[in-house]
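Below is one structure; the comments refer to it alone.
Note that the chains are named A, B, C and D in the order they appear, and that numbering of residues resets to 1 at the start of each chain.
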Amino acid sequence: APKAEEPETAPPAVEEPVVEEPVVEEKKLLVCQITDTGGIDDKSFNQTAWKGIEDAIKGLGIEGKYLESQEVADYEKNLNAFIEEDCDLIITVGFLIADATAAAAGDYPDNKFSIVDFAYDPAINNVVGQLFQTDEAGFLAGYAAAAVTKTGKVGTFGGLPIPTVTIFMKGFVEGVDYYNSVKGTDVVVLGYDLEDETKGLFSMDFDDQQKGRELAISLMDEGADVIMPVAGPVGLGAAAAIQERGNAYLIGVDSDWYLTAPEYAAITLTSVMKMMDATTYQVIESVIDGSFAGGNVIGTLENGGVKIAPFHDLDNLVPADIKAELEQIQADIISGKIKLK
Amino acid sequence: MKRELKKLEEAGQVLLQEINEPEGEPTGHKRSFWNVISIPALAILTGLIIGAILIVATSSSVYEAFSHSFGEGLAAIGKEVFTAYKALFTGSIGDPVRIINAISSGDDRLIRAAVNPFLESLVQATPYIFAGLAVALGFRAGLFNIGVEGQLFIGAACATFVGYAIKGLPFIIHMPLAFLAGALGGALWGFIPGLLKALTGGHEVINTIMMNYIAFRLTEWLLSGPMTRPGSGGMPISPIIEESAQIPQFFKNPIRIHLGFFIALGVAWLIWWLLFKTKWGLNLRIVGANPRAAKYAGLSVGKSYMLGMAISGALAGLAGGVQILAVNRSMALGLSSGYGFDSIALALIGNNHPLGVILTSILFGTLRNGATRMMVVSSIPIDIVDVMQAIILMFVAAPAIIRTLYRLRKPKQEEETAFVSGWGGGQS
Amino acid sequence: MEFVLELKGITKQFPGVLANDHINLTLKKGEILALLGENGAGKSTLMNILYGLYQPDEGEIFINGKKAVINSPTDAIQAGIGMVHQHFMLIPVFTVAENIMLGQESVKFGDFLDRAEASKKILEISEQFNLPVNPNDMVRDIPVGIQQKVEIIKLLYREAEILIFDEPTAVLTPQEADELFAIMRSLAKQGKSIIFITHKLREVLEVADRIMVIRLGTVVGETIPAEADKNSLAAMMVGREVNLVVEKEVKVPGDVVVSIQDLVVVDKFKNIVVDHVSLEVRSGEIVGVAGVQGNGQTELVEAITGLRKNSGGLITLLGEDITHATPRQITELGSAHVPEDRQADGLVLPFPTAENLVLCTYYKEPFSKGVVLQYQTILEHAQHLIHDFDIRTPTALTPVSNLSGGNQQKVIIARELSRPIQFLMASQPTRGLDVGSIEYIHKRIVQKRDEGCAVLLVSPELDEVMELSDRIAVMYRGKILAIVDSNMVTKEQVGLMMAGEIPEEGFTAREERLVEKTF
Amino acid sequence: MTNTSLAIKHKRIYEISPGRKIFMGIAELLIALIILVGFVLNTEANTLTTFVMTPGGIEIGAMPDWVIPALPTLIVLTIIPTLIGVYQLIRGFGRATNAMVGVSALCLIFGFVTWQASGKSVNLAGMLTSAVSLAVPITLGAFSGVLSERAGVVNIAIEGMMLMGAMVGSLIGSLTHNAWIGLAGSILSGLLLSSIHAVLSIKYKINQVISGTVINIFSAGMTAFISQKYLQPNQALNTPPLFARLPIPGLASIPLLGPMFFNTNVFVYLMFILLIVIQVALFSTRWGLRLRSVGEHPRAADTLGIDVIKTRYVAVLLSGIVAGLGGAFFTLGSVGRFNEGMTAGKGFIGLAAMIFGNWRPLGAMGAGLIFGFADAIGSKLLLLGSAIPPQIMAMAPYLITMIVLAGFIGKGDVPAADGEPYEKE
């Protein structure tokens, strides 16, 4: 848990590139991450991908660095900086950095890249695209939420109406709908419209946590008692509101919030996990063992690239039969028996 | 040696005379080279020193070293600052050893990589120049344009739209058209607060800030709706602009220096000419310095505010437009790292004069470019540059502090620049 | 004899100016001492030192024979010194009571204002010294004459024994001035000592017990009214003979140049400030508008020059309707405007003198060709005017902010009078200037009139209006009470009208055109 | 003296320009038309709109729901602005013009909500409670502005001071595990930044807007720097305790008002306490009289022995304290965590609220509530599935600020010496 981490472990102190030193140490593998403009602490993909690198630092003995992009024009510049730094693998994060990554990959065919949250079509042979079928996990969370709600209403809101956000919400709604169709209930989802993905509740911002708080309150006022905020740190504002009111539950996103936001452990029902840390770790491993090949990795329930977190402290809240059903649904999604839109 | 120094000083004097006393409004007092340069130079120095203090104070290795022994601590301080600032300088200007090695190796790619830091600083300076000119012109016209950021976004959106939506035009028409679209978009966004100031006296500081937020939301909507890239599924990113609309870069990767930088220099000259050589410029400056006298002299204060804000907005729009056309080639969220706000500091340090803006922009571009390298080498957050900029601005705005710090004598004549104050706006 | 106040060797150096040079001054109990001197002689500086606003470089202050250290107004107030400043130090949006008690408030329960208590004290003082005021009026709503009484009560409220009046009569009607003198005498009789600063020689002779003249920071003479006259005082002040009378031939006015009919102007609070005013100015004639400041003159001038929107009526200039014209259109028809507030309206202070000299014409040939300014021509033009109008400036490129007040005014006069004009709107053209400068500017205005220009002169200085004008219009509360031939009225009559009363006995009428009653 | 009354009584014309009169009339009719075409014609007869009058999760002060027939309500809401508009066009409301436009706008908003929620329910009380909470930082920012500007110092650094206050509050609160100490830290940081503003603008007399800009840039950079360097690698430094809800016995059980105002956290109470304290201090005490005199006519104050410089310092420092308090709200009163740029322009909107509120505490709070309401209703409409894209809806508070400023500036009593450095000669 981050709480236990030491402040200095994040970016490992890096010495001046060893030029004069005659003793040639065994060079560690250098993995470099370029964030998008959200920054390394976005409680979302930048942070989760970096966690993959941190895990690899501990587990695989590599070296890791990151550069924050402050604007779009920095992507290319930062890529150049890391290429010059002789990084063995450059991880870029987000859809917006895809153009620059592809260009760099073209210019430097010998370098290895991986991009989080994007897949090239056609695939590029020195870039691993990591894409996540988050709606599959969202589906499970929606089903669980529908099973847990007492008011018959659950809610969600997003940061911006963009695909990587709305895919969570979409899966969530589909899961609730599935529950309704199976159980004949009438659980309502507030905050997202399956018909029109731009309609719905959005904070329009990944910074304004107070807004997240007010959105959660608004959802609770309308009766929602399970809420899934898909808005990076803004979601923590929602968590604070839920915690304060005490009669609703939170569904985390990206990582297992029970672990990453332990102060809200008591209200965290589950989390829709997008295992960017795991996939990033795998890509690093593939570089080490030489099996690195370009192409795309799609994270699904099947390969464990997405999943829902355990219920942890709230385990008693979810009846055993629901847990069993969730297992079954997971299998059905993997087998293709349940098809998502 | 001494002679040469003297010569250098003379050259500097001419330059600075230009900055401080454009031919249009000489003050009649000649100020010495040192007099003019001392405040900004010492302000920058002080900014660097305070930056170093911040670096040291937040460095864990320094504390660790001190826990071993005092001497080791001092050494750690030295090492920390040296490493950081060496990275800052080699990352922004270049490493001479490396350049020589590269040239002697004759490897094309190595040479490009070695000379890139300096050229990259110019690339970074380009949006600063436009944005800085926008703020400077605003100040000269008595307007505090905090809305550069929003104008930049709208300008970028317009340039992008013209860049990708119109197809089949030759470069010679398409690129200038997209460029002008950027100016026009920014001009419109600047014009609105100008109009409000002229009509209702609403202070442009508040209105431009509000227009910033509106611009952000509007571009978010445009990019994820009407202007979204087909196949992106509503991701807030625009299609890539046509080749014919792109401002050319001169060299191959990684060098990004582009024609836009030289256009910026040209525009700066144009603004200088407009402000100090034409009756329109005098008109703007009179209104800026004393709106009541302007009214008395038969000038339309309101029109001047509208025009001033529109031109200022157009320059801001160009900052965004050029960035799109020359560097980004498509528009996405996260277009700007805050050029609109940094440019306020920049314009003031540059004494609201186009030449000063150019010099300060290059300084800021250099700082930012170097900061990337500093982050790679020392893991110092890039935001330290913001802190340094604020400190430099503070000292430039309050020269008395610098004088006290460095025990300088007060020059006989304080320069006066008319600025906006209070909320009264242009009425009364 | 014990002096209530004694200044010894007061010296104050400003950068480049020795404002006070070893000045000695004494004041007896119950005495009224007049301080005379041209602009920049150092009078205000001396008083500011006495009041603790400046610290002297040298010299000592004794109060009641004891050495006093006055470092701040608080010290001065403590020492029993009070000052009525030339520009009133009143806060318009505060009530009379708040203004008076500010700094020495009556409070209850710790820090809460006790307005009732303060009003009671104020009314007591008001009664004792015959200074009627209403403590609850907002200061911005009361006339200047009352505002001055508020200023005086402020001093008495603080139990000041030494009262300083810095040019207190500039904004008063002669009647109000006389009233003030009566108050001053009664104050002196009740044991207060008074220092009285003015540029008006008549007043000095009328009210002072003793006169001290300062020039270039030093005392150049001392006298008593019985032994002095206007000419001797003026000579002492300026150091040369001054012609105090405006020489002006009788001229028959020509055609109507400016005609104003039923003009109505409304301020931003929707108050009617110019109330159906009608007025004509003919070529070769100076029409003076007399009136206490704040009776609509400023707005009238702004309306005529296009600076303010008119709410009704008709103004024509040379036959053209300019009711809704812009300032530039009006200027281009051949009119000039010397504005009331030279620094705020007439000049761009940080700009060089040369640019200020073409402030209204820079956009035209020969100063601009196309859009490009012709700096060479502008400079030559400036050099020319600097010479012709004797503007004292180091170079044509010196910012006007560095010029003295008199020379700043000359820049405006030069700019406005050097153009071919048929109408001159002169608003307070000599405000705050000394006799030397006044003499010069008066001469220039009369010269324009003699050349056939129509001149509308607005001034709160009754003397100026009386001396320059051919006809006088008296403005009161936005209306023109009467338009009279300047030869037909006495100063007292105009003064009465400035206070809103038409003299019952009528005017000492000659035969022809006498009084055009306008309402 | 001949006149018996000492005050000048001016004749006045209360007249709205004909253009404005017609413009407003047309605007009101347009509103009626929007309600008619947009809502009335799209509402089915016999649907009910339910307004829940108790915020979720609250037991004390509960109140029955308010159920209204949608269509008749909307018809009434069409008729009101129609009548107003017609009267405005024919006779005009004179001084009441603005108020009538306001009434029409309210009809529009209420109509919109009624229409959107027809056949559903909407928690009106929750929305209003949310509006109050959203108003808190704006109002505190406005109070901060009132304090310094009444003394003649423009403070556009409120945004920066709030941002820094938010960060420091979170940091100190986390370190000490005590929200009160965190709050003290916020206040201290506001105090420090405002002392820089004070020194720069009062002592060194640099342009106050520039001095404020310096602080804004500095705060943005410094908070980002510290956040990246410390808060983010070590979450323990960024988990301050939150101030809990603190119902006031008795008052909290008043229906509607209780949940809105008397069953919230300490910041809402602080807002009200500050409202009263600042109002009384400014307008009824010696201290306030002196402070205002310095903002109106510093030279006059100086000649009466009032220490202009000191008074201004005190005002600016107090302004910083209140801004720091406003910053603390974000981390200690709302979300319990700091992240970069989290004040999101609230300080600037606070300045607009101050201007709109005529430099008076009560007005400032009223304006703050209006902005809070605009924000809250925007979210509510999104939740109800509004046709307006969320990005456009999010512009509402900014647009309202601009419209309000355009309509009201210049009519207020801005302190006469606001923004002007005081030079002792």
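Just so we're on the same page, contacts are C-beta pairs under 8 Å (C-beta built on N, C-alpha and C of every residue); 3 or more make two chains touch, one makes a residue touch a chain.
Quick caveat: nothing in here was measured; it's all calculated off a predicted structure.
Participant: When you check each chain against chain A and chain D, which touch both of them?
Facilitator: A chain counts here if it touches both chain A and chain D, which gives B.
Participant: Looking only at C-beta pairs that count as contacts, which pair of chains has more of them, B-C or B-D?
Facilitator: Greater number of contacting C-beta pairs: B-D.
Participant: How many angstrom lie between the CA centroids of chain B and chain C, rounded to a whole number?
Facilitator: So the centroids are 48 Å from each other.
Participant: Please tell me the distance, in whole Å, between the geometric centres of chain B and chain D computed from their C-alpha atoms.
Facilitator: Here chain B and chain D have centroids separated by 33 Å.
Participant: Chain A to chain B: how many Å between their CA centres?
Facilitator: 36
Participant: Averaged over CA atoms, how far is the centre of chain A from the centre of chain C? Could you give it in whole Å?
Facilitator: For chain A versus chain C, the centre distance works out to 75 Å.
Participant: Could you list which residues of chain B touch at least two other chains?
Facilitator: 217, 220, 224-225, 338, 381
Participant: Where in chain C do residues touch two or more other chains at once?
Facilitator: none
Participant: For chain A, which residues are shared contacts with two or more other chains?
Facilitator: 7-8, 68, 161, 198, 204
Participant: According to the definition already given, which pairs of chains are in contact?
Facilitator: Chain pairs that touch: A-B, A-D, B-C, B-D, C-D.
Participant: In their complex, what parts of chain D are in touch with chain B?
Facilitator: Chain D reaches chain B through residues 154, 156, 196, 200, 204, 206-211, 213-218, 220-222, 224-226, 228-230, 345, 348, 351-352, 355, 389, 391-392, 394-395, 398-399, 401-402, 405-407, 409-410, 414, 418-420.
Participant: Spell out the residues on chain D that touch chain A in their complex, using ranges where they run on.
Facilitator: Residues 52, 55-57, 121-123, 125-127, 129-130, 133-134, 137, 227-228, 230-237, 239, 242, 244-245, 330, 334-337, 339-342, 344, 375-376, 379-380, 382-383, 385-387, 389-391, 394 of chain D touch chain A in their complex.
Participant: Residues of chain B touching chain C in their complex?
Facilitator: 23-28, 277-280, 282-283, 285-286, 289-290, 292-300, 412, 416-418
Participant: In the complex formed with chain C, which residues of chain D make contact?
Facilitator: Interface residues on the chain D side: 1-3, 6-8, 10-15, 284-287, 289-290, 292-293, 296-297, 299-306, 410, 413, 416, 424-425.
Participant: Over in the complex, which chain B residues touch chain A? Could you list them?
Facilitator: Within the complex, chain B touches chain A at residues 60-61, 83, 113, 116, 120, 217, 220, 224-225, 232-237, 240, 253-254, 256, 323, 327-338, 369, 372-373, 375-379, 381-382.
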